[in-house]
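In the part that follows, the structures are each spelled out as structure tokens.
Both complexes shown next keep chain A, but they swap its partner, so chain B is in the first and chain C is in the second.
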Partner chain A sequence: MEFGPHLLLATLEGLVQASVLTLTALGLSLVFGVMRVVNVAHGEFYMLGAVLAWFVTSMIGGSAAIGFMAALIIAPLLVGLLAALADWLVLRRIDYDPERTIVATIGLLYIIQQVTLMTYGPDAHPVAPPFNTRLALPWFEFTDGGLSMYWPWGLSTTSYKLFVIAAAIVTLLALWMLMAKSKLGLILRATQLDGETAQAFGIPVEKVYALVFGMGAALAALGAVLVVPIQQAHYLMGDDPLLLSFIVVIIGGLGSLRGTVVAAILIGMSDGIISVFFTPTLAKILATLLVAMVLVYRPNGLFGAKPA
Partner chain B sequence: MLELRDINAGYGRVQVLRDLSLSVQAGEILCLLGRNGAGKTTLMKTIMGLVPATSGQVTLEGADITQLPAYQVPKRGIGYIPQGRRLFGEMTVSENLQIGLMTRGKGAATLDHVLDMFPLLRDRLDQPAETLSGGEQQMLATARALCLEPKVLLLDEPTEGLQPSMIALIRDAVVALKKKNVAIILVEQRVDAVLAVADTIVFVKNGQNARTVTPQELRADKDLLHQYVGV
Partner chain C sequence: MRKSIALHLGLIALLIVLQFVLPAYHHGNMARIMVMATYAMGYNIMFGYTGLLSLGHAMFFAAGLYGMGLSVQFLGMGVGPAFGMGLFASLTLSLVVGLLALRTLGVAFMIVTLMFSQTIFLVILYFNPYTRGDEGFVIQQSVRHIFGLDLSDPTIRYFAALVLFSTVLIGTLKLVQSNIGRVFIAIRENEPRAKMLGYDTWRHKLLSVVLSGTVSGAAGASYGILFGYVGASFAQVPYSIFPLLWVLLGGAGTVIGPFIGTLFMFYLIDLSSTVTDAYMLVVGVVLVLLTMFARNGLIGIVRERWAKWLP
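Up next, the complex of A and B:
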């Protein structure tokens, strides 16, 4: 394949990765932004989303589309409830102390991972995509007769991959609407800006925290449900998204949703493109280097607010 | 209206308030005076449930509110204007007021009434709170608390760092609220401001109610200031 079509293919793959990463990293960023705690178990909530998607689709059976749509709703909901419960039973009792929260969520990470290993098992399982039409893509070339279009061999994507990108955009817009326009968003932002004063104006901060922790986990689970028809569900699949989410959140600026989206697209795209042209290892090396540079030159991230 | 009986409170092992008692009636302005670190702000936070009382009782119209979760206290009708204003800085003026209205489910009528008291805010509704001047921010903090239609209002150093015209405006607002039968607890450093509005003055020392006097008594005995405030 020539360079142009090859780049388009790599960009599309990168966009799919960036979409999933955006959702996962947004979950981490939301939790950090509002609660000021780092959730080390975030990748396990992602993994649980994928594994639950497999359980739901295999239990429902029938057409792949119905099973998948059910998984798309049920898996993030269950993961969100589990996370909210963990918040209420564990994090609330240690008073959201930053250091103790890290230790507690490390414990949570191993519990979720090992329980999944004992129930779901060590094998990877695929989930059938709801639809998966191959879409050939055109490319342009200059010939004697001017610009003409042709279909290079191998240049294609699938309808499902485009759906993943669209689903991520829709979720992003919905989250933005929720934060900027709704009463709940107002409550979340007030809690983020000043939890104590929020309480003095009737906002039940502990309940808000449980909700936010649940929402953050549900976003990770949603990303995982979307990715599982492309990549299989496995009990160790949470490690990479956790690392990448942290990279994204650090580059974007802790707690800045806008920065998170920009950084997720940057990292996801470059990861996809570099992996296609060179190696996935080089992509990770460059991402880590970028984190180091950001930490040295812009410690608050590209869009992070300066601490008051 | 609001009564504190033998309150003990503090942060962790550091006890700040010791057997502190006081009470404020509807339509009364009670001023707290005392040195820095005497426990005035802690007292406000204890009333709001933000600092838990280890013993003693806070009652509002006879109902015990000591053990209520902090977010329930304002719903009973206590408006709080914290020290340093503590606005939601990145949010607009209108959003800050919305938070206040939501506390007790008040609506457009209340908002209208509050904005009539501070007409300047009407022109700034879509502006982020952090871009307001100091005086405007204090107006907003006051307006936000008034959006609760409070029975009791707690003001923690509302005139700190303000120019005289703003101080007068805040004082007028406090006096107007007193006329509407709101019970007011005011922490204030400036003694002249206190003497002008207070019905009762409580000197706080080492977390205790060291002395309760009237403005007349304070005018007659300036030694009190030297003894409890150090001016």
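Up next, the complex of A and C:
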């Protein structure tokens, strides 16, 4: 393939990755923004979403589309409930102390990961996409006879990948509506600004925290359900999304939702494009080091304006 | 003061006696536990005494391990000078990481150390032709000699581990009772106040990181020499979490706590791995329970209730 079509293909792959990453990172950012705690177990909630999607689709059987739609609703819901429960049982009792929360969520990480290993097993399992039509893409080129269109071999995407991008956009809009327009959004923003004052005004802050923790995990699970027909479900699949989400949330500015979205698209795209052209290990080294340096010299992230 | 010296010398004496009575399996375990407890004591200097929570100590352990291993492998050094190279590597790394990471505080510090450590792990993978990546390499038995002693022999290995452990144990005890150690504790308790009293807190924090990183590196280098294996798995995230767990379990900010924590956790995992492969589950459960119910760890509880004099 020539450079132009190759780049288009890499961009499309990057967009799919960016969509999933946006949802996952938004979950982490929401939790940090409202509760001021870092959830290290976030990647495991992502993994649980994928594994539950496999359970749901293999239980329901029948047509792939019905099973997948069921998984799209059931998996995030269950993961959200589980996370809210973990918040209620553990995090609430340690008063959301930032450092102790990190240690406790590291504990949760291993509990979730190892219980999955014991029940689901060490193998990766695929989930069938609900629809998967191959769409060939045209490429345009200037030749002597003017603009001409042709269909390069290998330049194609699938209807499912386009669906992932669309689903992420719809979820983003829904979340934005919720935060900006609804009463619940008002409560969340009030808690984010000042938890104590919010409580003085009669907001049940502890319940809000449990809800936010659940919502954050559900967003990660949703991203995972979307990605699982492309990647397989595996009990260790939470590690990479966790690191990438960290990177996104830091670059975007801790707690800033808008920054998170911008950074997720930027990083998801460049990760997709870089991994097409360069060796993944070197790309990861540079990315990790770069982010550490950003955090050292710009602790509020590239887009974060107010001090954390 | 008297009591504390008696306690720590007593522990060392007990470990000497154990060498002669322990059955072979536990004898080997104990040598390993002493090396790992040294790693935990290194971690404790930073976390327990200075209040700096690092999530990336595996990089210092790995710096010692690879600094030693690569010197043996490619520079043809004996294990003695190679151990020095391991120390040098971890000292340099901890100085660089300290200079950069100490610009941040709290949660950001934790994430920065995590990311630096991840970078070191990836660098080890990237230089696969030299480091052999995940697979790692073996330090040949023929090299593992010092002063004519065969370090792969169980008895000599046990005593070598004991020498390392005792040095760091007594060193830590001396450190925390010295003026520098007291400034570390002051920083942990209230950094702005320590600064107001005229202490250069930044320099003390840097010193704490370097001491902690170098002791961790010494543990890494010794592990490679005594057990003959150098591998990238020691640079991975779990090896950053283990010392945190050991120190939390034994009691952060106690000299003897890291050893107690390592001992407990080692046998807890050992017992559970006879039941299930998913032994990290135990690690997770203990971490959660510790943060919820026993913030100060085992020795911390002992100190609170019965023995206020414990250093």
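Here is the rule we go by: the second predicted complex is superposed on the first by the 300 of 308 C-alpha atoms of A that agree within 3 Å, B and C clash if a C-alpha of one lies under 4 Å from a C-alpha of the other, contacts with A are read in each partner's own complex, and residues count from 1 in each chain.
Following the convention adopted for this analysis, a residue touches a chain if its C-beta (ideal position, glycine included) is under 8 Å from a C-beta of that chain, and two chains touch if they have at least 3 such contacts.
Owing to the predicted nature of the structure, the values given are computational and were not obtained by experimental measurement.
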- Message: Let's test your reading of the overlay: on chain A, do chain B and chain C clash or fit side by side?
- Response: fit
- Message: Just checking: does A:115 make contact with chain B only, chain C only, both, or neither of them? Give me first, second, both or neither.
- Response: second
- Message: Let me test your reading of the model: by the given contact rule, A:205 touches which partner, first (chain B), second (chain C), both or neither?
- Response: first
- Query: Is A:298 in contact with chain B, with chain C, with both, or with neither (first, second, both, neither)?
  - Reply: neither
- Query: A:189 contacts which: chain B (first), chain C (second), both, neither?
  - Reply: first
- Which partner, chain B or chain C, is in contact with more residues of chain A? C
- Query: Can A:181 be said to touch chain B (first), chain C (second), both, or neither?
  - Reply: neither
- chain B and chain C, closest CA-CA distance after overlay, in Å? 16
- chain C - residues contacting chain A, complex: 53, 55, 100-101, 103-104, 106-108, 110-112, 115-116, 118-119, 122-123, 125-126, 241, 244, 248, 276-281, 283-292, 295
- Spell out the part of chain B that touches chain A in their complex, as residue ranges. 48-50, 69-75, 80, 82, 86, 88-91, 95, 98-100, 102-104, 144, 148
- Task: Sort out for me which residues of chain A touch chain B in the complex.
- Result: 183, 186-187, 189-190, 193-194, 196-206
- Query: Considering the complex alone, what residue numbers of chain A touch chain C?
  - Reply: 38, 90, 93-94, 98-100, 102-104, 106-115, 117-118, 243, 246, 250, 281-282, 284-285, 288-289, 291-293, 295-297, 299, 308
